[in-house]
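Have a look at this one before I ask anything.
As written, the chains take the letters A, B, C, D and E, and residue 1 is the first residue of each chain.
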Amino acid sequence: MTNDFMLLMPLIIITAGAISLMLVAAFEKVTIEQASFCCMGIFGIAFLMQLSNCITGNVTPYETVFNNMLVISNFTRVAGLIILGCGFFTAMSAQTYFKQNNFCTTEFYSLITFSACGMLLLTMVQELISVFIALEIMSLAIYILVGYDRKNKTAAEAVMKYLMLGAFAGAFFTMGAALIYGGAHSTQFSSIGQFVAENGFFNNPALVAGSFFVLVAFLFKAAAFPFHAWVIDVYDGASAPITGYMATGLKTAIFAVFANFLVADESLRSSWVNYLFYFSVFTMFVGNLIAIGQDTLKRMLAASGIVHTGYLLIALVAVSADNFSGNVILYYLAAYAVGTLGMFAALSYLGGEGEKRKSFDDFKGLAQVRPYSAAAITIFLLSMAGIPPTAGFMGKFFVITSAIDAGQIALAVFGIISSILSMWYYLRLIISMYFHEATDSFEDTTSNGLAPIGTFILAACVLIIGLYPVII
Amino acid sequence: MIQSYLTVSILLFCIGIVGVISRRNVFTVFMSIELMLNAANLAFVTFARLHQTMDGHVLALIVMAVAAAEAGLALAVVILLHKHKGQLDTNVFSLLKG
Amino acid sequence: MLTDGLFILFTVFAVTGAAGLVLFKHPMNGAMSFLVTLISLAGLYALLSAKLIFAIQLMVYAGAIMSFIIFVIMFLNIQEEDLPIEEGRFKYLIGGVIIVAPIGLFLSRVIKSFPGADAIITVEGFGEIKEVGLLLFREWLLRFEIVSILLLVSLVGAVVLAGTRRIAK
Amino acid sequence: MEHNVTFLGYIPLLPLIGAAVLGFLHIGTCNRKPLNEKLYGLIACVGPVLAFVLALRVFLTLKGMPEEARYLSQKAFTWFQVGELDITMGFLADPLSSLMLVFVTLIGSLIHIYSIGYMEGDKNIGKFFAYLNLFVGSMLILVLGDNPVVMFVGWEGVGLCSYLLISFYSEETNNVLAGNKAFIVNRIGDLGFVLGMAFLFWAIGAGGFDFFSLKANAHSLTPGIALAVCLLLFVGATGKSAQIPLYVWLPDAMAGPTPVSALIHAATMVTAGVYMVARFSFIYAHVPVAGEIVAWIGILTALLAAIFAMFQDDIKKILAYSTVSQLGYMFAGVGVAAYSAGIFHVFTHAFFKALLFLGAGAIIYAMHHEQNIWKMGGLKNKMPKTYITMLIGALALAGCPPFAGFFSKDEILFSTLATGHYGIWAIGVLVAGMTAFYTFRMIFVVFHGEPRDQEAYDHCHEAPAVMTVPLIILAVGALFAGFLNLPAIFGGNQLVSHWLAPSLVEHHPHVSIFIEIIAIGASVAAFVVGIRIAYKRFAVGAEEPQFSGFCKFAYHKFYIDELYDGVFVQPYKKIGNAIRKTIEPSVTDAPVTLASKLYMVIGTAFKVFQVGYVRVYAIYMIVGLSLMSLLLSQSLN
Amino acid sequence: MFEHVLSVMIFLPIVAGLILLLTPAGKGIARLTGLVISFASLILGLDIFFKFKEQAALQFVENVAWIPAWGINYHLGLDGISLFVLLAGAILLPMVYILFSTKEKGYYANLLIVQGAMAGALCAADMVLFYIFWEIMLLPIFFMLGLYGGENRIKATLKITIYTIAGSLLMLASIIYVGVTYHAQFGEWNFAISQMSQLQLAGPVAVLAFFGFMIAFAIKIPLFPFHTWLPDAYTEAPTATTFVLSAIMAKIGVYAVIRFVVPVFDGEFARFALLLAYSGVIGMMYCGITAIAQKDIKRMLAFSSASHMGIIALGVFCLNVQALTGSIYQIVAHATSTGVLFLFVGIIEDKMKTRQIKDLGGIAYKAPVFAFFFAVAMLASVGLPGTSGFIGEFLIILGAIKFNVVIGVLAGTTLIIGVCYMLWMFQRVFFEKTNDRTEGFTDLSIKEGLTFLPVIVLIVVMGLYPQPFLSKIEPAAQQLIASVTKADSMQIAQSTHAQQSDGHTVEKKN
């Protein structure tokens, strides 16, 4: 019992923290600065708790009480770790971000924590409707965070688009859950898996259609083609720390649950692999094509996020349901998370008031004015581009290796080609930062916040994770 | 009988989809999504009847709760949007593009 | 026979209401039309012996949520000129139907895999409040609890997005 | 008898050290305080003279050995060894190389001495002597190399020196161009050499790549390979020895200082091709067809060059074409397997041609760098020593008995006749006549008649002793060198041929004395006719002629330079430019640039899809869903 | 320390470079650091050279598990092939710090990093490790080119980077394919190159993987037609970068072919050798002909370098000991000659502020020492006997003739093509009359002279006494050739065998 309790501790801490932050917000005693530290503290403690829960093997905590709803495995634990880390660094970036932008209230941090709660749940839940609830907790919190700056027209637009399409996808998810319930008599992953194992997959159209709709919802949240279109506008409209949070934490949670769902049964997985193959290829190439045409950084990063979704789909295609460890996916997620979080942490303090620096040209000559920041951004970009010795390279290496090992050579080749195509837009920023004369002095960027520190920690993480992949 | 109910469910679901993709009024779109959720609920309840388990009912219940939560937020967003533009046309909100 | 008649009645109302939602230009008309659908659905739930759901559908959905929506529509005081000019609405609708047709066809194939006959209720108290309640608070407890978190988030969201804001220093 | 000696390596090394010292001194001082010119001259002479002494020692040592065992070798170190290829930095002195050794060092030394006078006052004298020493060293490596690769070192080394010395007056673009031309054309030949070596190596090189082993294994060459090797090597020889089609560089090479022309472009380097063919006589002897080709190309070159020489008005150009022509003779000789005759002509030619060049140099020196013979005239009174020595040279060149040239040339012509190459012989005789004609045309125009440029004539004077003494020594050589190989018909015993015999693979055909007499008679007749025509035309008061018709054609050297320029050089440059301007940017680079641009364009075009309308995004989703639904309907059971 | 000498050679410069970049050190300190470290590397390199035993096996091996789950190890080692490329770098790089004394801190720091990364790529005996260093190598080049390059530097930077990375990523796919195949055939993960020769690779995917490797290396070398990044990059890059690119990095491409392609894809290599050889020889001719039309010395040298790389690559494709040894030897020879030529051009550019051939002339009279050194390097580059360039070129032509007569003859034309543009350039730059600009050309200072002297001496020594070098190269070359010829004959055996017994494959012994 205590063991189960300890395993759930991070989740409990986060939930309790979220609620208490919300309560605190009701009293006007706490400044947002303090709230940010509280939030960081909550994430930090949860992170350490999660880290200390290093028990291998699958555990189903409170099996009878929770009716097999949660399963904790190494996979979910590490995914949780990544999410908590994302939350921590988002809070850190936000702390500095709100020194220049003045629309924050204490609820902001409460909502970050709430969404982390949803994400953590998402990694662990093993039942469709719980997935739906967790998904909605996470999404609703993020919708709010996206539209937090009420005076900002683009933020309002972003939240409108996100909410509508998200709810739309949610409707598909419910329909899918209903069909699976109809087909497999249950919404538990394990029961579904068992049912599929006994009756076959394509023999049961309801299951096909249901799992299809569920996948659509996942693909939507992960921004895979053709469900990707929202992501660019939403990232663009959201504030930098939140964009980073969406790009990393949300994606981690989605892929965790995606993988958990797919590996419920091998025939379920293998039936979808052929289709995921196309999703993956199209996602990578469309992402690249969108990214190359972008002039603003956030939109470019959003598009590059689509490409990374494509890689993660490769990894998903290559996982095997028997003997699933998810290491490749997790490593890639971690590598992607540190890089992207770092990027947005840097944008949080370099963006200036109202994120006035948004295009590639606005960052011209950054290396001359803020050399360390430029170096950190370069490291993040290299990691995203998958150039050694960064984490991104190792991630890509593992993904491609697992793809080839799974016999998906064509997919691996497409992945490689897509990596080549992605060079243009990553290099473009490096070139802007380094090879052009500075036109902006970046004097208004505060450097006394925590975001720069976070940026450098993340930059170090990129290299450390890249050089010692064993630690993940 | 089960098939008939399911057909209704599917029909409503598809009408919901058509509503979402063909209308520009925020309210209509939003209610179309609600319609889709209702269609799913009908499917849940129908399947509950088919399988003789009440899990479907519980699921429908939860979906309703989620729909309510979503509705709350969605209406808040609608108000926010209305404050900005005074209009409820989704196409008005297209600053972010390209 | 009565059930069949009721089923057809509810179905016609539900579908007509749904169609009205999609077709009416003014959201208020749409909302009223949608209300018809919701009530019809409640009837269908009743026909499926889902008594609790029937009640909740009427109370929560048709009652609370819809009145909320209608309230907001009224609150915003939407005039005819505020509405989007959707001249090509019907073109879009027809196009939408064409695009959605494959999905519908696919789902209709799926439906065919289910038995067409009525499923005789064998469980005692099927769909009764007590039985569903027991299930809800015994096996589905955690879901029920986390839904509360969801509602909490929604609450906070509504406050943050639509309420008055105190900018902290 | 001990064959391994240690002093062979010093022979090339001495001049090379001299070159290094001189180069160092020159570079160190040229932009500061120049050293005394005499010092350079002295240092420069040390190497070649010592080398000459050593060469004599080699010669004498060999002479003291039994005839069949006449060779000395020194394996200095393994140069490079890869797989079955094992190249030793080794030197070999056998009768053939020893003969070359002696006259190269001798003439080299003489020309060094002469240069002290000729180059007086030139601020780059140090550089000049450094190059000259370097040349001698390279030439000695060429001669002494005990395997083709070492030989090739010298071969390219002399090419380099030739380039450096031709472009010695490098401020003039034309001189440098001439140097470039020489080097590049030589390189074309070198390609042949390298390829020939490569073929030879893969055929029989595994058993050792030095001349001894090659000679021993030559019998196992297949005829095809042997022919290929011979022809490729001969391509090398045509480059170095200025034969058709690669002779074009040699006339231009006269841009260098005159001692250079004498040493490199007359006496030594250009004969390297003949030497090389003789060296490889063990292969050529196996492939008569190859010899045939060599002989024909040689004699045609002789003819062509002789025609050109008849119409030149630059004294050095006349001599240059004459050299080409004489080299043609030599190849005709080695081509018909009369290797010793060819080598003998190399030997005698070295003397008289060096003499003529140095004489010409003395004239040019006296005339203040005037080279046009039509600006000279009547110089015999002003420069008697030069006149006499040059006359000796001219007589030798023209093949007047008993001068050196007569015997050697006659030997070659006789050999062609004896081996039944009547066509070659006939052309040879014709060329002999032409040789006599153009040589004496030059002598008459330059030395006889009235001065054509009075002012220059007044200022001109006899050269200093450092210049005339070598002239005299060479004149002696030109007079008597022929007697070294006096054929039996004149009571001689063909010393040179016998000396060379162990190194060469040749068969002396036994023919009747009648044929020998015909050969001699024809040569003498040709000489007489040639000199007679020249006398009639040019002895008194000839003026610069205006050419027309064939003569004009010949005066312009059949426009072969222009032809080469148009066929090879300009297209080459045009291709280069075309690649730079069009192909590189728009063909080879095009796929990359285009792909990149296309990517950008598509990417930019793709922005259209991000319309910003949320409904459209929903439509994307539904379209995707629809398509997937269609697919999935297919896969449902 | 000495058992980790390779690690020291790799990480000493990298760490020093990173420290320089991360601290606000001045340019003087940066240069001094570079100088000290490059000299330290030189001493270590020489020590390695003298301790190196003349055998085919890897020496100075370090092997530490790195990512055990995937069989990736930190595995270093040197053999006769890598030794020389490493040595060339160690010998040449100190010159840069001496000659270019007034550059930015980043310039020196990047140079240090690239030095370490190149050493890493050369010493890596694990394919993944190699790949990592291979990519890291590019980064400093990217920054140096972009930060300190000429006018069109950004275009050139983008081109070289994307080109190279595209190639490398294809290689990455191939590396992974090879590793996975190993996993499939032997049941364990391993990326050690020494194990890969046991692989039985066949089928179209193996061919694709082979080309994945080959394209990556072909771009780096660069082989025709993948050379189009080269003129821009070489021309726009600052001298030190061009020097590093041409003198060492291009060679690592050739080295990598020898090290990674030949043992693993022996069958494919033998199959496509002719095609590749044609690519090499056509590239040599094409770039050589293009060089003559260039107006900029640096661009001309760039094409010249590409031309030479074509012939060096050809040596590898000829599948015999002579050509292969010649190639490796030529790698060093070319590194010294062309590398030094690029440095000379850098000096001209520094002094004259122009690289246009037409603006120069008569430098030889003003700067005899400079002209002499330049001439020696130039002659080595055209392969004059007695200089280092000859031995390699001769061996390659020799081998090429054995391989294929047509290719051999075409390869021989390098003798002619090379001199054409070199002499033409030498004439315009060093001979002819001085003009206003070159009138003020000062000769090399004593310091500069002494810097170049060792290399010039080396050029001559390597031409006259190459045996100590060759004897270290040959065992490794022999071993490689033996493996390829074995594969070749096996293929023949296989195909004849297949005719008889319907595709019965011959198992390789493990």
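As a convention for this text, a contact is a pair of C-beta atoms (placed from the backbone, for glycine too) under 8 Å apart; a residue touches a chain by one contact, two chains touch by 3 or more.
Only a predicted model underlies this, so the values are computations on that prediction, with no experimental measurement involved.
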| item | value |
| --- | --- |
| Partner chains that chain A and chain B have in common | C, D |
| Most remote chain, CA-based centroid, reference being chain D | C |
| Per-chain CA centroid nearest to the all-protein CA mean | E |
| Higher-contact pair (C-beta pairs counted), A-E versus C-D | A-E |
| Centroid distance [mean C-alpha coordinates] between chain E and chain B, Å | 64 |
| CA centroid of chain D to CA centroid of chain E, Å | 37 |
| Between chain C and chain A, distance of the C-alpha-averaged centres to the nearest whole Å | 31 |
| Whole-Å gap separating chain A and chain D, where each centre is the average of the chain's CA atoms | 77 |
| Sequence positions of chain A contacting 2 or more other chains | 129, 133, 136, 140, 143-144, 147, 150, 159-161, 164, 168, 172, 179, 182, 205, 208-209, 232-233, 293-294, 424 |
| Residues of chain C whose C-beta touches two or more other chains | 96, 99-100, 103, 106-107, 109-110, 112, 114, 139-140, 143, 147, 150, 153-154, 157, 161 |
| Residue numbers of chain E (touch at least two other chains) | 162 |
| Pairs of chains, among all present, that meet the touch criterion | A-B, A-C, A-D, A-E, B-C, B-D, C-D, D-E |
| List of chain B residues in touch with chain C within their complex | 1-8, 10-19, 21-25, 27-28, 30-32, 34-35, 38, 41-42, 45-46, 48-50, 52-58, 60-62, 64-73, 75-80, 82, 86-92 |
| Touch list for chain E against partner chain A, complex | 21-22, 67-70, 128, 131-133, 135-136, 138-139, 142-143, 146-147, 153-154, 157-158, 161-162, 165-166, 169-170, 172-173, 176-177, 179-180, 183-184, 205, 208 |
| Contact footprint of chain B on chain D as seen in their complex | 607, 610-615, 618-619, 622 |
| Residue numbers on chain A that touch chain D, as the complex places them | 160-161, 164-165, 168-169, 172, 202-203, 205, 208-209, 212, 216, 220, 225-227, 229-230, 232-233, 275, 286, 288-294, 421, 424 |
| Footprint of chain D on chain B - complex, ascending | 17, 20-24, 29, 90-91, 93-98 |
